[in-house]
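Across the two complexes that follow, subunit A remains constant while its partner is subunit B and subsequently subunit C.
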Partner chain A sequence: MMTLLNIDPSLVDWSRAQFALTAMYHWIFVPITLGILFIIAIMETRYVKTGDPEWKRITKFWMKLFGVNFAIGVATGIILEFEFGTNWSNYSWFVGDIFGAPLAIEGIMAFFLESTFIAIMFFGWNKVSKKMHLTATWLTALGANLSALWILVANGWMQYPVGMAFNPETARNEMLNFWDVFLSPVAVNKFLHTITSGYVVAAIFVIGVSSYFLLRKREVLLAKRSIIISGVFGLMAIFAVIFTGHGSAVQVAQKQPMKLAAMEGLYKGGESAELIGIGILNPKKDVNNQEKPFLFKIGFKGVLSYLINFDKNSFVAGVEDLVHGNPEFGILPAQERINRGKLAIHSLKEYKKALKHEDKTSANMHLKTFEKNFEHLGYGYLEKPEDIVPNVSLVFYSFHIMVIFGTFFVLVFAVFLWLSMTNKIDKLKWGKPLFILGIITIPMSFISSELGWVVAEVGRQPWVVQDLLTVSAGVTDISSASVQTTFWIFAFIFTALLIAEVSIMTRMIKTGPKTKEGGNK
Partner chain B sequence: MIKALKKVFKFYYEGFRDMPRWGKTLWTIIILKGLLVFVLVKFIFFPNYLKTNFDSDSERSEYVLDQLTKFSEYDDTIKH
Partner chain C sequence: MINEISLLFFQQYWWLIVSVLGAALVFLLFVQGGQTLIYQIGKTETERNIIVNTLGRKWEFTFTTLVTFGGAFFASFPLFYSSSFGGAYWLWITILLAFTIQAVSYEFRSKPNNVLGKKTFEIMLFINGLFGTVLLGVVVGTLFNGVPFELDSLNRVSWHGSARGLEAILNLHNLSLGLTVFFLARILAILYFINSIEQIDILKRSKKHLIYNTIPFIVFFLSFVIYLLIKDGFAVDPTSGIVSMQSFKYLNNLLQMPVLIIIFVLGVVGVLYGILNSIFSKKIYDKGIWFAGIGTFLVVLTLFLIAGYNNTAFYPSLHNINDSLTIQNASSSLYTLKTMSIVSLLVPFVIAYIVFAWRLINKKKITEDEINDKNEHTY
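What follows is the complex of A and B.
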């Protein structure tokens, strides 16, 4: 009879918690950097075109805030790479060649593009020509976004591993086709959805800070101009987020159907599947009982089927279909996949043994069995079929709060933009609550952005590489206590950095921009 | 070539020299954080497990293969 992967569960949980903590703190700093650079570049373009020193003053003010965010955030992501090497050594080895190339490109690109052009951005005023400075600003924006591309391509591969072959002799995946990895539909959608969501956060940050100035009746011109630029930029970005979010959901439905089922709280799949607008999940519901999934819901029949398959009568798989199987729609029961996964692991073990004993016949036989069952490999590390179900309520609520906040942001961008363009924003009788709302929207945008990652990463549990490697198999067999220690060290370091960021930025915002700005040469 | 390098050096030198106070504060944070992350965190708490404990890639492969196959024993009574 089979025995199970008996890694210390607290080690898996602490390793998971540590990675989540690091990634979520890192992501606090990234979205502003991705988006505000484009907003700054647009502002500077206005300055170069008009020669108006007020535009230069505005540009330099936002550049200063970008500088704070960049300085505090830089190198927080590198810790994730340390964690790969220490806490996730099996995983790192397993994915090595696929991750190696994108991450190396990211490192080189981030260093040369960002560091060179950022220096010109900050040191180059009055030392290089206006156009040269503007070019440096645009290239910094492009560089930051391109460096995000590579890590997101790597993440896309974990969600949908393509373009590679697993080498059973080295236990590593080897890249067969760079373009299949780079242009995988999951990676493309993930990159576009993630960076545009960063643009939304940055645009809301600019609107929020501008709201502060309007509330204080200071820097009104700066606030109005900033709201117009970020309002247009943010509105375009949020429509891109909606479009790419839909693209991502279509990919998720095809490649990670369990994640989609969790996002929608869809236990029993079927034709004309319902899209849940809002709902409260029934905490008593699980995959093996007949409880109703919702205590309350507002749903739209057929809409989920239409959005996913462009056919309102089409089938969408639910949690139960994926756990228990649905032969009508060709879905294997998870238990069957677990058995095949165990056969794959067993064949891999026997293949290795046969190679050691130089028994070619046996090695070939086991290799064939392994290759035949490779697509189920990760299931072999699971104990029971229900283990393929992520935390449904966490994924469901994260997804729906993100969508509700996103819809609210459309309204925020539209209202602020319209009021600024019609020159009414500083003359409103009800300005105070609006500006307070503008400020409150800043943390809401961060929450929404973090929830997007919760959906993406919690929704794909238990996989670290979809269907091929579970989190528990990817973790290094080290002491749980050492992971706990570093978890608290990171919690302390990152919290200190966040406090530093917020306090320095708040001080800078309260001080405001320089009173007067001379023209560039 | 040397002239160009001198120009680049002067650009950075003057940039750092004329940096406002907030810029200096941020650089202090960057340097402290760099030391913390790359010296303390990396070398004390986060050695690369496979690089530290094994000398060659073949030993690392062997270890990971063992890790990936050691726990699961296949029940060959299950039909496929």
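What follows is the complex of A and C.
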């Protein structure tokens, strides 16, 4: 039998790297898909309502760009779905009874909706009525967004496992209440935060491309109309992102305090905890030394406490509290949890052994010990208390850059929207730098969106299921060389496809809609 | 007792759903089959464009069905998902790679500045067509021939095959099913071309290639089925759960579930009728795809059902026979199965809108004019 404590650490690292690679490539394409479909649907609605052929032309242009983006999102998505099995098979079994249901529902409800109506959307222009086509576009948008729902519910469950009980006979978690899983506050916040962030990326993409046209003084009407629609859409979305981002942080503080501590670089927790606006971490700092955590920072005392608990004097736990324990606030030292976790693992094994020998008394005794220590189960796979600390600097910087960029996007949307609505945008004297800024905002939106996932997923390390299963215990038992090989194969293929995609898209944008303005009935 | 019965009911129900998805998937592999025929049937650039576009309007159905098939397996029989995907790592990764390169190939193939060039994307489509069909066939073959895995007391998998799943290709029975699926997919593709393209040269060549592909298909199909019916199978004792070898297990499964014999025969007849009518009909017979398609569905459905029903281990372990997976020991909990069953009531609705959309798009046959029309979305 595989002894999990002896698992090859490089296997865990390569498996994580492969999943991160796939997820991050996938997430280049998904946000645009989520958002631009709604933007396209709104444009097409304008076309159907007004009958203005220019709206049709605009709709078709963005739809073409969407098509290029969509295919590669699908390609990376299938790998992600199956990587749960190929690289995280122990995890797949441990969570399968809960995780599988959302994935199956996703397939039945969402994927077919999306893939069926997308065919009408692309090929149906001359085959179905205007209204039928418009319906297909809206249904595709709905399908794409529903596709995101279920996988995010599953992800929410990993961060905050609820609605289940561990079955020692089968050694897995079994679902007790579907609604607890589906409506878990972590899942709900995560879903809303993630899809609205996708809307922001898509809106910025549309504004950025429109800026290119304005810069070249081409397709001015297309650009202005596109900016107005995506500006309104994006502005609404970014406020939703901020709102749900706050909701997510509150959830993180309650359910994953270590992640929050890493996000804020908070080593020594306490009352009136400080919110860091900007800061540079001290690279020498770790949980066991007395170095200062920051070389430089601008912080706001009590604000973190207030945002998390609505009380500026409340306590927020830091990395050191969670590692070494803080009896005053009822935080157990990690070593204590490790001991209890090991006891849980041991008693589970003994329980199964006793069952085999039909020794009921012994089985019952071990089962009781197991159940008493179950909440610490995952700690039993750790070697030392420091193992519960994720990469603080990666999480801290990712979080802060995401927030800073996000705040900047509010301004971008507001400025572009206002200038377009007042019809000044193509008459500006200082248009050039503004439009260049609009273009530069595109990569910024991708970066901040990816960083959001870095915060969520690096911040939860070493857990694959919070407190219950570590990444090292969830990984598939396979040679590290195999995973290393597939990592490079994936890296090569994804990169080649990305280069092709960017090249095609850039060319398409430069060419613009082929038909003349106002034409193409 | 009641709970026992109802759990078994839901396990059987979900095996049926997985089987239906698997059967639909094999039918939809006609897209993959067609991708291996682009150069054999399309002799000019326009002809190849017509073929790629004909298939390109359907690739998402195959893809989505594959993804849903995987998702449904994960949801209903998670132990299969974790042991097979984690165990037969290289087999599945190869299949996944073959599908990864497909999705983009349609979209990127004829776009300006696609960096890799048209030919590269056509090769990718070919690779997807070849590996996608053969290897999925091999995977289904392993349901009857087993794979070398082992489970520990916490149901964690370890694999004892040298090539993490790829060794399954060396089993001739698995391979014969793989090749059957490959040639069948090509046949279905040809029938689909005849059904939906209006271009005389393509139609003529299609008919010729239909004959070429039918011969190897029948040879491989017969060898697979005959061996299946005479070979030993993995039987489960319903009370103790102990797995043992039983002679003529799969033949017995058919005989003990006679309705499956009817479904199987109907399926075989449907496939042959669709093919032969298309070959011998003097006029262009364009309904062959429906007979052969439904026939394919029925035959594959039967194969899945005799693999899992009637106290049979559907994923046998060659390393330790009692680690073999059955629909009972590999399934999700009763609660999860019940919850998902409620969602599965949506399936007829999903099928209805797929049929509706399919008919809308296929109302008119695909012609050269449509493919050359710059206002149309073409691949």
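What we mean here is this: the second predicted complex is superposed on the first by the 508 of 521 C-alpha atoms of A that agree within 3 Å, B and C clash if a C-alpha of one lies under 4 Å from a C-alpha of the other, contacts with A are read in each partner's own complex, and residues count from 1 in each chain.
Operating definition for what follows: a residue touches a chain if its C-beta (ideal position, glycine included) is under 8 Å from a C-beta of that chain, and two chains touch if they have at least 3 such contacts.
Remember, predicted model here, so these are calculated numbers, not experimental data.
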Open item on the list: Do subunit B and subunit C fit side by side on subunit A in the superposed arrangement, or is it a clash?
Closed with: clash
- [ ] In the overlay, answer first, second, both or neither for which of subunit B and subunit C A:Phe446 touches.
- [x] neither
TODO: Figure out whether A:Gly380 sits in contact with subunit B (first) or subunit C (second), or with both, or with neither.
DONE: first
TODO: Using the touch definition from the top, say if A:Phe408 reaches subunit B (first), subunit C (second), both or neither.
DONE: neither
Open item on the list: If we overlay the two complexes on their shared chain A, which of subunit B and subunit C does A:Ile493 touch? Say first, second, both or neither.
Closed with: both
Open item on the list: Touch test for A:Arg340: subunit B only (first), subunit C only (second), both, or neither?
Closed with: first
Task: Partner chain(s) touched by A:Phe294 [first = subunit B, second = subunit C, both, neither] - done: neither
Open item on the list: For A:Ser503, using the defined touch cut-off, is the partner it touches subunit B, subunit C, both, or neither? Pick first, second, both or neither.
Closed with: second
- [ ] Mind working out whether A:Phe99 is in touch with subunit B, subunit C, both or neither, as first, second, both or neither?
- [x] second
TODO: Applying the touch criterion given at the start, work out whether A:Asn126 contacts subunit B, subunit C, both or neither, answering first, second, both or neither.
DONE: second
Open item on the list: Superposing on chain A puts subunit C and subunit B in one frame; which of 6-14, 60-68 or 78-86 is the clashing stretch?
Closed with: 78-86
Task: subunit A positions touched by subunit B in one structure and by subunit C in the second - done: 1-2, 64, 67-68, 71-72, 74-75, 78-79, 82, 85-86, 89-90, 92-93, 119, 122-124, 127, 170-172, 348-349, 352, 476-478, 482, 486, 489, 493, 497, 500, 504, 508
TODO: Would you mind writing out the residues of subunit B in touch with subunit A in their complex?
DONE: 11-12, 14-16, 22-23, 25-27, 29-30, 33-34, 36-38, 41-42, 45-51, 57, 60-61, 64-65, 67-69, 71-76, 78, 80
TODO: Over in the complex, which subunit A residues touch subunit C? Could you list them?
DONE: 1-2, 63-64, 67-68, 70-72, 74-79, 81-82, 84-90, 92-93, 96-101, 103-109, 111-120, 122-128, 132, 136, 167, 170-172, 174-176, 178, 348-349, 352, 476-478, 482, 486, 489, 493, 496-497, 499-501, 503-504, 506-508, 511, 514-515, 520
Open item on the list: Show me the residue ranges of subunit A that touch subunit B in the complex, using the header's touch definition.
Closed with: 1-7, 64, 67-68, 71-72, 74-75, 78-79, 82-83, 85-86, 89-90, 92-94, 119, 122-124, 127, 169-172, 339-340, 342-343, 345-346, 348-349, 352, 380-381, 473, 476-478, 482, 485-486, 489, 493, 497, 500, 504, 508
TODO: Would you tell me which residues of subunit C are touching subunit A in their complex?
DONE: 57-58, 60-61, 63-64, 66-68, 70-72, 74-76, 78-79, 81-87, 89-90, 92-93, 96-97, 99-104, 106-108, 111-116, 152-159, 164, 332-333, 335-336, 339-340, 343-344, 346-347, 350, 353-354, 357, 360-361, 363-364, 374-377
